[in-house]
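To keep things simple, chains are lettered A, B and C as they appear, and every chain counts its residues starting from 1.
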Amino acid sequence: MAQLTKGETGEWETVIGMEVHAQVIAESKLFSGASTKFGADPNSQVSLVDAAMPGMLPVLNKYVVEQAIKTGLGINSKINRTSVFARKNYFYPDLPQGYQISQFDQPIVGEGKIEIDLKDGSVKEIGITRMHLEQDAGKSLHDQHPTKSYVDLNRSGCALMEIVSEPDIRGPEEAAAYISKLRMILRYLGTCDGNMDEGSMRADVNISVRKPGDELGTRAEIKNVNSVKAVQQSIDFEVARQIEILEDGGEIKQETRLWDPDKNETRSMRSKEEAHDYRYFPDPDLLPLELAQEQIDAIKKTLPELPDEKKHRFIDEFGLSAYDASVLIAERPRADYFEEVAKDRDAKLAANWVINELLGILNKNEQDITDSPIKAEQLGGLIDLIADNTISGKIAKDVFAEMYKTGNDAAAIVEEKGLKQVTDTGAIEAIVDEVISENPDNVEAYKGGKDKLFGFFVGQVMKKSQGKANPAAVNELLKKKLS
Amino acid sequence: MSDLTHMSIADALKGLESKDFTAVELTQAHIDAMAATKDLNAFVTETPEIALKQAEESDKRREAGKAGALDGIPLAIKDLFCTEGVQTTASSHILEGFIPQYESTVTAKLFADGAVMLGKTSLDEFAMGSGNTHSYFGNVINPWKGSDAKDLVPGGSSGGSAAIVAARGAMGATGTDTGGSIRQPASFCGITGMKPTYGRCSRWGVISFASSLDQPGAFARSVEDCALLLNSMAGHDPKDSTSAQKDVPNFAAAITGDIKDLKIGIPKEYRMDGMPEEIAKLWQQGAEWLKDSGAEIVDVSLPHTKYALATYYIIAPAEASSNLARYDGVRYGQRVEGEDLREMYENTRSQGFGDEVKRRIMIGTYVLSAGYYDAYYIKAQKVRRLISEDFTKAFEQCDALLTPTAPSAAFAIGENEDDPIKMYLNDVFTVPASIAGLPGISVPAGLDSNGLPLGLQVITKAWDEETAFRVGGVIEEKASFTALPQTLSQKAA
Amino acid sequence: MSMDKETIRKVAGLARIKMDDVELETMAPQLSKIIDWIEQLSEVNTDNVEPLANVVNINLALREDKVTDGGCTDKVLANAPEEVQNFFVVSKIVE
């Protein structure tokens, strides 16, 4: 559903296409044997190839190619059996060769699509134009010296995948959903860690606005957008900026703009205004990359179940709501955890406990599910105690809190604290009688037609039983005695 | 003049093995010869200390019975091969003082076989030229002199290597050939030069000019010596993605003298307008020698030959413009500061590169730029395919092609300088094989009326250097080229 | 098609080669002549001909994903014109 922005002259539609750069998980760089580890001493993870010493030559990393194929398959895209590495020529101190080895007119991955989930529960397809492999640049530090920049080439030559979307995205929410979904898929595949803080994933966002039904407007490209929040904020800012210009009778300049997260604004990168002419041509130090169909098929067999498949399976197999399924599949370890809890148990109950209780407390304490002190098997144990009426749902929450604190099994806690549910009707009846005799006025009022008071009696009984009374039995007995 | 410096590599290896002399003696003789021919300006960097140390070690290895295939043989190394700890410049100011921290694969293989390095030879800057007149470190002078005794070019780009081998200052040398940079100077200097198939020798550690054309090769004074050198230099290198996983045959063993089973093609398009009569005659003579030795001579056609030079002068500068982008003053080499970063780049590159390099970078940048890429670069790659297919078709009718190596003998320094295209035309017979990646050998076959050497070129199919050596060996035998450069014979007299 | 001075200036900018007016005067006719000369390729009929980028008839060989290089900061910086604390140093990059 298109999200429209109201301007002074009517409604505007936002059109967005994204280029996401994702660093490929691999031990070594795209064309050299230097390490890709993050955070090493300056220029310590640099080979003579990465430093573009005279006469040094690139040799392609086989695993990175496999990772790219895996990713291509994961975003439902065509894998091109022949692809070509090309040089993109420009000068910059953190680009040692004076060109970036990339792929231009023959990328390794062609057209595809992914589905994004929107807040209203609907699903939208976003087209993938292509994905190619390329070298990352080094890093320039500008704040170390008043008149100098420092250059560290550790990142230089690390493998990146650039995933280009069609201009199918219609607003900040869709953009956020798109990048989140992409991140999820890459993390499922194990081809990118999706760590946006460390720059493992970053986006360039192409934004234009138009009146619904009009031709595409002129776009601005926003660089350096490296969080989901920044994607949304930069779009909000840019859409407002463009609408304002257009409504004032101005024109949008096709340009590259930089997102400044501190000032919450995009601004023109004047230095990039100079007409670019990258002079792409096939890298003569490399030959075309030819892939065998068998190789692609073999990789296809190793693909894990991907988020969308998993989601649909959770809905179909476990009867979960689309929302619950989406929450559970957001991270692969989370989905795995849930499945272990749900195995041979009431899946909806399991989903409730994982989503509402476990994720609730983990989020509160900024923990991942992999850090959870309660293991899946233990949470399953708690659910078993609820299912066989050993404890009530209410008591279970207390037991859960204790499990989180101590890491102990549910049964042990219930045993130790004597939390077993009272199902003995005789014992419950005694408490019911007690409550009735202590509250003659309310009994009178209830019998006089104040039906709402029923809850009061239930509450009193539960309180007296310290929550251990079986609620069904309490209801039944109260109804009988108050009638 | 010492007999040691006039020997072939093959004979020197025998002499070393039979202890007629030591590697140190052989090396010292060449160091002395280098000093005597210093006015040729063949070297950018001489490394006599390294040479003597290597020679001492070589003698020890031989003593211990562990001598390698080229143990104790003093060689000159083109200053395009990066040599660990020894300045490597590509004859460019921009790399003056650059000390590689690595050894090129080809030189590492030579040294592993026991070869001794006398020094780094001058070349046209970044291997761009045909006269060695585009070196930041000055012109190299051909040891041969015409009747007017003017200084002549040694050819290029590997002019220093060719000149010093001809002047008996080194037993052999490495070169690189992009469009004729081994074969043309070999012809100009009266020695043998072999460019193998593209992909035969590793380019790792060789400063790139045009990656899809560059190929290391060898200079020596005999076909057999070239074969010995190439055997050491060749072989697959996993560090070079364009290096082929092909077995390296025993090239020297291919020189059997027997070419009775061979068909030799004479490409008619090489008979160009204005070809000097002497060269046409020598070519004819070469064909007759081969015929007399039992080969069959056939006429073949390479119809796109005339477009090879223009194709080359699009592809090579295009690749070069990108390959030379790394010389930016940031990580190594000369830096000329400026007001800002951009000015630093522009100052560094405009003061670091010579005119011919700048011209080629400009042409290369232009033909790759938006709006011209298809018209020039893609067009040239299409013609490249046609040229390559011409050879494939020709080799359906013959086993080897015989052509002149160059359209003229060595010319005077200063000639052809007014017009870059005139200089480019020197490579008219060598460029087509480069474009197709084919092996070619130039063998000295005679002298012109001015007393200057002329070479004949043998081109074969990809990976068939053996046939090139075999045919080259027969030309060598028939030509029995024994003339010495005048500068040497005068000194001897 | 000859290269006019404006084009040459633009190309020199792309190639980061400073070219003053004197050099431009010398180089313009040389470059134009070379470009005119290579124009001869337009005579060749290349309809239905695929471009040939590389003549070597082998498959691209790939490397195993192992850390076999790097950890040689000294070698990387050995020839650096300017260096501080293992960084390369250049004049400040203006965004």
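Here is the rule we go by: a contact is a pair of C-beta atoms (placed from the backbone, for glycine too) under 8 Å apart; a residue touches a chain by one contact, two chains touch by 3 or more.
Everything numeric here is computed off the predicted structure, so don't read it as measured data.
Trainee: Going by average Cα coordinates, which chain is farthest removed from chain C?
Mentor: Ranked by distance of C-alpha centres from chain C, the top chain is A.
Trainee: Which of the two pairs, A-C or A-B, is linked by more C-beta contacts?
Mentor: Greater number of contacting C-beta pairs: A-C.
Trainee: As a quick test, compute the distance in whole Å between the mean CA positions of chain B and chain C.
Mentor: Averaging C-alpha atoms per chain gives centres 23 Å apart.
Trainee: Can you give the whole-Å distance between the Cα centres of chain A and chain C?
Mentor: So the centroids are 41 Å from each other.
Trainee: When the C-alpha atoms of chain A and chain B are each averaged to a single point, how far apart are the two points in Å?
Mentor: Roughly 58 Å separates the two chain centres.
Trainee: Return the residues of chain A touching two or more other chains; collapse runs of consecutive numbers into ranges.
Mentor: Answer for chain A, listing residues that touch two or more other chains: 48, 51, 59-60, 89, 91, 93, 149, 151, 277, 279, 284, 286-287.
Trainee: Which parts of chain C, given as residue numbers and ranges, touch two or more other chains?
Mentor: 14, 16, 53-54, 56, 58, 60-61, 63, 72, 75-76, 88, 90-94
Trainee: Got the chain B residues that touch at least 2 other chains?
Mentor: In chain B, residues 98, 101-102, 212, 238, 241-242, 321, 328, 330-332, 341, 345, 365, 369 touch at least two other chains, as defined above.
Trainee: Which of the residues in chain A end up touching chain B in this complex?
Mentor: Where chain A meets chain B, its residues are 48, 51-60, 87, 89, 91, 93, 96-99, 149, 151, 277, 279-281, 283-287.
Trainee: List the residues on chain A that touch chain C in their complex, please.
Mentor: It comes out as residues 26-28, 32-35, 41-51, 59-65, 84, 89, 91-93, 140-142, 144-153, 258, 269, 271, 274, 277, 279, 282, 284, 286-290.
Trainee: Chain A touches which residues of chain B in the complex?
Mentor: Result: residues 81-82, 88, 90, 95, 98, 100-102, 104, 203-208, 210-212, 238-242, 318-319, 321-322, 324-326, 328, 330-332, 341, 345, 365, 368-370, 373, 377 of chain B touch chain A.
Trainee: Flag every residue of chain C that touches chain A in the complex, lowest number first.
Mentor: 13-14, 16, 53-54, 56, 58-73, 75-77, 84-95
Trainee: Can you name the residues of chain C that touch chain B in the complex?
Mentor: 3, 7-8, 11-12, 14-19, 27, 30-31, 33-35, 37-44, 46, 49-58, 60-61, 63, 72, 74-76, 78-82, 88, 90-94
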